[in-house]
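Data block below; observations after.
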């Protein structure tokens, strides 16, 4: 039983860090700031939560602390990414040429 | 078996760390570097959890708790500066 | 492993002093002093490390009866804990001086402040 | 087991020195130098954790990396005209 739990925990750890790897790859490959925020925040949030779940399977006595870390990440990480995207838009960051729709700029132009 | 999986996870986290560091070094604007800083903090949380699993000490997780609050604070401060606040 | 951290600390001290001596902007000099401060802390903690032992905090993994044989020396860590707090105090004081200098003179170049030279 | 720790320590050491060089290099703009100094502090904090000092790591992460970056950006927002002297 505990052997099975160990193997599930190890596989969850590897899956979580694989999501971190994909997040880092997206951070390098994406063309502009907003796509980089998208890749760098969502994939890493999922990866860290999977890693914490794997650590909980490996050491069940640490469950409360790991759950607390996961809750903090789940609350603060999307908030910080939204604030950063708004700041990048206001400071005039360059958009990729494939970006065709910008609703925030349309709204600001409508009511100055 | 589990040791081998933990080493594989550490290898993946190290490669992700190097990729985010590449973006931190050559990012054209300041916002790119802030995103890379955030991702580096989150990868450091994963590294701390792996170190705690390797050493077998649960007290190391408190540092990860501080990190989870800290990345939020740093990004908010830099975003306020980029918006022209303060 | 402690030699890696000690070497890193010394290189950080050298880089910080080089930056503080060669930059003309006052804020860049303060950044370089912060880097040197981190290097000093790293060297002090690396001096106190012992191989094969664990953190000096007693919990279920380290019982009290066998603590003396398994934990490292907590004295350098306590010293560094004080040094970090004093370092941020010194940095805040230097930044307050930068703010007052910019308010009175309107420049951050160090070669514009020559009153103390003779 | 200790191989993993030594490899992490080597990676952190190389990254710390690179970030420190980036922090004092005069060609880059001032917010980037401040962010690089914060990165030096953050990586040194993980190094403290690997040296079995979790209390120092906690203090360095909260004060050295959080509060110092906040103070630098606060002052930099108020001396906005002279930041490229």
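Per-chain numbering from 1; labels A, B, C and D assigned in written order.
The definition used in the following text is that a residue touches a chain if its C-beta (ideal position, glycine included) is under 8 Å from a C-beta of that chain, and two chains touch if they have at least 3 such contacts.
This is a predicted model, so every value here is computed, not measured.
K.L.:
Starting at subunit A, figure out the least number of steps needed to reach subunit D through touching chains.
P.N.:
The distance in steps between these two chains is 2.
K.L.:
By mean C-alpha coordinates, which chain is most distant from subunit B?
P.N.:
Ranked by distance of C-alpha centres from subunit B, the top chain is C.
K.L.:
State the pair with the higher C-beta contact count; candidates are B-D and C-D.
P.N.:
It is C-D, judged by the count of C-beta pairs in contact.
K.L.:
Based only on mean CA positions, could you tell me how far subunit A sits from subunit C in angstrom?
P.N.:
About 31 Å separates the centre of subunit A from that of subunit C.
K.L.:
Per the centroid of Cα atoms for each chain, what is the distance between subunit C and subunit D, given in Å?
P.N.:
So the centroids are 11 Å from each other.
K.L.:
Distance between subunit B and subunit C based on Cα centroids, please, to the nearest Å.
P.N.:
Between these chains, centre-to-centre, one finds 21 Å.
K.L.:
Among the residues of subunit C, which are close enough to touch at least two other chains?
P.N.:
Residue numbers touching two or more other chains: 54-55, 57.
K.L.:
Two-or-more-chain contact residues of subunit D, please, as numbers and ranges.
P.N.:
Correct list: 5, 50, 54, 74, 76, 78.
K.L.:
Using the touch definition from the top, which residues of subunit B touch two or more other chains?
P.N.:
6, 10, 17, 34, 50, 57-60, 62, 78, 80
K.L.:
Name the shape of the chain contact graph, picking from line, ring, star, complete and other.
P.N.:
other
K.L.:
Of all possible chain pairs, which ones touch?
P.N.:
Pairs flagged as touching, ordered by label: A-B, B-C, B-D, C-D.
K.L.:
What residues on subunit B touch subunit C, complex-wise?
P.N.:
So the residues of subunit B in touch with subunit C come to 55-60.
K.L.:
Which residues of subunit B touch subunit A in the complex?
P.N.:
1-2, 5-6, 8-10, 12-13, 15-20, 22-23, 29, 31-32, 34-36, 38-39, 42-43, 45-46, 49-50, 52-53, 58, 61-62, 64-65, 68-69, 71-72, 75-76, 78-80, 82-84
K.L.:
If you look only at subunit D, which of its residues touch subunit B in the complex?
P.N.:
1, 4-5, 7-8, 11, 15, 18, 22, 29, 31-32, 35, 38-39, 42-43, 45-46, 49-50, 54, 57-58, 61-62, 65-66, 69-70, 73-74, 76-78
K.L.:
Sort out for me which residues of subunit C touch subunit B in the complex.
P.N.:
These residues of subunit C touch subunit B: 54-55, 57, 59-61.
K.L.:
Residue numbers of subunit A touching subunit B in their complex, please.
P.N.:
Checking each residue of subunit A against subunit B gives 6-7, 9-11, 13-14, 16-18, 20-21, 23-25, 27-28, 33, 36-37, 40-41, 44-45, 47-48, 51-52, 55, 58-59, 61-62, 65-66, 68-69, 72-73, 76-77, 79-81, 83-84, 86-88, 90-91, 93-94.
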